[in-house]
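For reference, the structures are reproduced in the following blocks.
Each of the next two complexes has chain A plus one other chain: chain B in the first, chain C in the second.
== the complex of A and B ==
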């Protein structure tokens, strides 16, 4: 096996983990919850005890992963005809081909936005699973319902879907397990009384890792290669050169990953993500670039790659948006900034233009005063050539309005009230930028005359 | 209760060791350890017996005992006059003590009964028909349910009442022979106050003074003859007997074993309490059972039993506190059925108060049953629960909502907790044994019970607010954001603040405490994430900087969660004091 092949294998495996197509190698900090959820499902399958539970936790803490992992394990256990020849290799994705002693119905509150759609989807999934299963038709197969974005189901009229699911889970009719996943901690309060009463009040919480080391472990797990990733068969006696090179590559790769985590700059980047949101996905996003860049020439992850993508993640969206904006737009923004600093939170175009004009007039006056002493001359039409060599001129109202509308289009300015009549020059607006952001834009702007920059820095 | 047990155990030196074994092993498993059981003498119906090749049957295996063929018309059931268990011979007419499955100790609160007949089923189980004696607490129950009868006001120590209730049971549950005297003999023997003269004998001896129903003084022969003649007539004319035997008719489930647990005396005096007029007999509806793909394993441990029964789906043996409603519904339905007319009933109530359960119960059996305590009635005969634990759960829930479903779920969760604990303890024991196989492990620990503490733990688990935990596990900046929000809220004395204001306060705090300030877009992401877990209530994102934010959790929660961190304690100290309300 050449290095190229190995790298591409590693790339596929890691990016699958980063994109959450495949499950992580190990659960970190969720062992307890996992055991409980698995036990609950297992009881439904084994003893036919119906159950309902909720898994609550902020986004990105592993609720869905937990359930997926549990289902995978249950399929291992109860999937009766699990073929090793070709079943193993492509197991994760097409589970419904495999016959099992239970059925799973996945619903998502974002997709099934009303009960009708949800019912249709349940029917579709059950009939599909029913086809693949061979057993006698009058046997009772336990069904596991997974309700993603559970809180959205509670918004459906009368919550009849939830009512019925919970009711079945309470009666002896058919063994089912209802598992709701939600990031709303108050999801229970959304339930109507009659629905709430039928819910078993089991909830399991997933919280983000409280410890920085746990977080690092999760991140590391995503990047470290396992023998399975490189298709190294550990139990086979055949130890060829292929096998040896693959193993050596894995060892080296993992060693590099470990040193990567010891790198100061890298740690700083990760620490920042941890401080902000403890979001594992943010780290994954950080890794996509460096992993995609792996190649035959640079087969290992390097810390410098992460500095770059770390910097990319640190930019402020809006400041970035305004990077190449025109000088007129920038001037208008500065005018707005001054208005806001004077506690004028909503304004119309005329006010902004006045502010802008005041500045320009002053600049022109100053320019003429200066021009008598130096070469700074006032051009025709009130434009002044600043010392930076950029000409500054007072644009006409119509032109400025166009620029103003451009800012509105970019939704950096928004109407203060949803409905207002009258000409657009007089429509009241609010700005969606903070004063500090505007200052940043000015600082980062490539060819901003010093006079404008000074105006922006001036307070009041 | 304990002293009784001890006394009995002391007296029955041999039985004591058995009783101990019973503590070691769950009682349901211990049947096989019991003394060998064998029939004494030839079958009584030798002549009419059709086929029976090998009648040697001592195994009371797990095969669920099929319904005795009393009504099947085949007389392939051998009836016997007596059987021998251990060293004792029990014959028809004898007074015996039966094990009460409810208690862990075999000799704790035994049932007292008289043997009416004995036979062997097709499956090889040894069964008998027993006529029960009521004891003190049974009488109390009967009285509560207004069962008519000439029961004495209260029973004296050792007094029992002869009843007309009899049903079938496994002989394996017989544990000892008892003795029933009349009042005179009793007083003669033990004196007025029941001196301590013969404590040992006293536990085995009872007296009975309710005369009309009292038949125990008859000679053994009489009873045996009568019993046998009854049996014989059974065999000859079951059909006519079935017609005439009204009490049997009214209580259809009395004859057939309800559960597959062998060797459980099914004496439930209260079951016979509320008799339903015979006209309702056609209303007995059996719910059809469907077959499952994986045959549900029969519950093995007490925990599993308890879990099963506590599942809301389980149909309780009784529905306490719904007697009036029950009777009303029953009357309505009965009259509607009698008249052949339609009827309309409107039942309303807070969820979980038992509307559905009551109606189902009426339909299912039209038979009133009642026990103390909703949960207790379900857990009857299961020793995994301590009494006070049940009471505790009931009181806790009763104080808030009175939702019975909730109470049952709490108990179910509590059983799970104990079960996992027991599992862990067992694993540790195993581990120990693995290390040194020759070390004597000693007796297994007492089976764990659900105590108040476990119930409390379950309640906490189910209802504890996750908010504090949520805030504690939040990231540094999420916490800072919450503090900034609290600070703004306090300063302004308003309920909600604009995002940009909080952001400013946040950034200022970062500068003050030398923390790397986040970008504004990071802050809005933080705000959104806190909003999605409903730590904050956030206006729609369209408003961006001007979206208004308010706390969704209580301010105390925030402060309590953050107090533990030194950095945040400092920050919290600088907060403006809460506005005076």
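== the complex of A and C ==
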């Protein structure tokens, strides 16, 4: 196998993990919850016991992963026609298992936005599974219902889907397990009394890794290659050169990943993400770029790649976007700052322009006075040359209005009330930055004339 | 010489090589896993739309049919041919056009089930033959879309109804699961899963769903954003959603959070990048003026960049002003190398251009036509006529979000009948003066002398009640207030120092002002009495109008400057 092919395989495998298309190699710190959820499902399948539970936890803490992993393991144990809705490659699935002992229905509150749709989807999934190999036995197949974004189902009228599912589960008419996943910790409170009373009240929590080492482990696992990633068959006795090059590549690659985590700069970036949000996905986002850059010329991950990608994902691009403001827009922002400082919190274009004009008038007066002493002249169109050789000019209202609209488009300004109509000059607006942020923009602005900067710094 | 699509892309977009590489990196091999979602942001006209369209088209749309393909190896050629013929791997939607979830779904499905847009109109994809009258290419696109719409009504088989997320997700699965010749091609050519060993299952090619001007989604389909961000998880297929927007991701984030996209920022162009982009605008037949052109571009950039960061605008300016710049050279009045003279010559035009920045009152062709035909070439002389000529354009302000009628139909105003002019003036006064002062301003007093003294008293009174903040709350700045017609008529009869002729029907006149949009009715149409109106005419205009009727409006206005 050539390096190019190996890199391509490595990229595909890692990207799939980062995109959460494939499951991580290990669940870290969720062993307890995993065991509980697995046990609950297994009892439904093995003994026909019905059950319900909720898995609660912040975003990206492994709720969906947990359930997917459990289903995957059950499927290996019991065999099923269950097709992974997540489209993961089931490359290690035993082909000779044709028994089907349970069915799975996946619902997601984002997709099935009302009960009618949810029912339709349940029917679709059941009939698809039934079709495949139901045989003619009328045995009661256990069904496992997964309700992702559970809280959204509680918003459906009368919560009838939830009511019915919990009711079936409680009355043990048919062996089902109902497993809700949600990031809303108050999800239980959303349930109506009659629904709530039918729920088992079993619930499990997932948390972001509290320990930095756990966090690092999860991150590292995502980047480390496994033999399966490179399609190295471990069980077969293979001693071809392909096999050897692949193994050598994997060893080298993983060694580089380990060094990466020892790199000071890289650690700082990761530590920072951990301190700020403990979010695994935030680290994954950081990795997409560097992984995508792997090529046969540069087949291993390097720390320097992450510095830049860290910057790109981190800087709030607001400052980047503000770099694109023109001097006129900047002037209008300063005028707004002065208005806000005088507690005129909502304003319209005319007021801003008036403030801007006042400043320009003053600047022109000063400019003329200065020009009698020096050679700074007032330009024909009322433009004045300031000390740093930049000519300022009072823009016509129409031009300024365009600039003002640009600020609105950039959503630095928002309408003060949602339904004000009428000519746009008079529409009342609010500014989305505070005075200090505006001053900051002025400071960072590449070429702001001192006279304008001084105006910005002035108070009141 | 072999020119790869990548090279072509890099050449077509100076200053965007890095972004193009990044996008291609994320895309990876055609069947590889991609990030679930990307957010491309950056200020206006930084090439977001153009780069993405060109990149997708070059990679997944079968590239261009241009001659260079002879250098491609045969399988490559075959691949391109398949790409052009088979259903597209990407859908490119504009959220302004697709302003409901349903439109988004149906357009996406349509595009993903039909071959990619053909490459004949290559100019859209590669901006090299770009015409600086911006909006051209967009218009072209709009027509292709509307053509598509038409097709949809004629051949309903091609258009699929899809009204909700549930159906859309199902459609996406279906689309991604259809294995076609392209997927087979990859298999047979061993392009993928090199050592596929025991693994027979494989991924079909990744589909892309691009949503341009995505900031609109927040208004038109707020709940859809979180769905799109994890469409990959929801469908379980290789599908990548790309949002293009001018705003930051923070403004999309919903309260409940959700999957966050990878952010890719398109930074502002540097000077050399801007110059390189503009370099491509010079028509090939004027290649001999290159030196002069480049010098001019440099000059325009230096003069305008501080106030105008918009590439399109700079481009517009260059296209507009370059003919004027080289005119004296063409006429032999100034030599090419006399930079200073040329500079002085163009200076006056710059001043005017500065005043018109962003306004686009006239198209570049119109501008050059007119200014070139004016033998004198003095633009300040011509600016008067600009006002008149521009009238029509200004009134067509975009988005139906009309600004005050400023230059609007100056002509129209002067054509108004005599009394109508006074009705308009009276409306203006009623809209901006506080009613409590009406007595002082407009009470009819027999002798003009005492009228004046009254007015000056008011003028004195004006000085009071001004504090630093209050001055920003003057009516002049707040805009016109609605007034009852009766009040306006009282003012009208007062300022008109003569009897109104019998046959003049003031109400018809008011109605015609309303239809001209100079007055705006604020009470509903079916309400017949106590009608209220607002005056929609700017101060500048009313001043001109008053002057033409010899009416000293300033004396009657409270708190204006």
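What we mean here is this: the second predicted complex is superposed on the first by the 403 of 460 C-alpha atoms of A that agree within 3 Å, B and C clash if a C-alpha of one lies under 4 Å from a C-alpha of the other, contacts with A are read in each partner's own complex, and residues count from 1 in each chain.
In this section, a residue touches a chain if its C-beta (ideal position, glycine included) is under 8 Å from a C-beta of that chain, and two chains touch if they have at least 3 such contacts.
Just so we're clear, the structure is a prediction, and the values are computed from it rather than from any experiment.
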item	value
First, second, both or neither for A:56, with chain B first and chain C second	first
Contacts of A:175 with chain B and chain C, given as first, second, both or neither	first
Which superposed partner A:277 touches (first chain B, second chain C, both, neither)	first
Contacts of A:327 with chain B and chain C, given as first, second, both or neither	second
Chain B versus chain C as contact partner of A:433, first or second or both or neither	first
Which of chain B and chain C A:264 touches, first, second, both or neither	neither
Which of chain B and chain C A:197 touches, first, second, both or neither	first
More chain A residues in contact - chain B or chain C	C
Contacts of A:46 with chain B and chain C, given as first, second, both or neither	first
Chain B and chain C contact sites that coincide on chain A, given as residue numbers	59, 183-184, 316-318
Residues on chain A engaged by chain C in the complex (per definition of touch)	1, 5, 8-9, 11-12, 15-16, 18-21, 59, 64, 84-91, 108, 110-113, 117, 120-121, 124, 183-184, 231, 233, 242, 281, 285, 288-289, 292-293, 312-313, 316-318, 320-321, 323-328, 339, 342-344, 347-348, 350-351, 354-355, 379-381, 383, 390, 393, 395-399, 401-403, 406, 409-411, 422-426, 447, 460
Contact set on chain B toward chain A in their complex	290-294, 296-297, 299, 304, 307-308, 311-315, 350-352, 403, 405-406, 409-410, 412-413, 462-463, 466-467, 469-470, 472-478, 500, 503-504, 507, 515-516, 518-522, 525-526, 529, 532-535, 542, 544-546, 552
Residue ranges of chain A touching chain B (in the complex, touch as defined)	45-50, 56-59, 78, 101, 135, 138-142, 170-172, 175, 183-186, 193-194, 196-198, 200-203, 205, 207-210, 272, 274-279, 314-318, 414, 430-434, 436-437
Footprint of chain A on chain C - complex, ascending	22, 25-26, 28-29, 32-36, 41-44, 164-166, 169-170, 194-199, 201, 203, 215, 223, 226-227, 230, 232-238, 246-251, 256-260, 262-265, 267-268, 306-309, 351, 354-359, 394, 401-404, 406, 468-469, 472-473, 476-480, 520, 534, 536
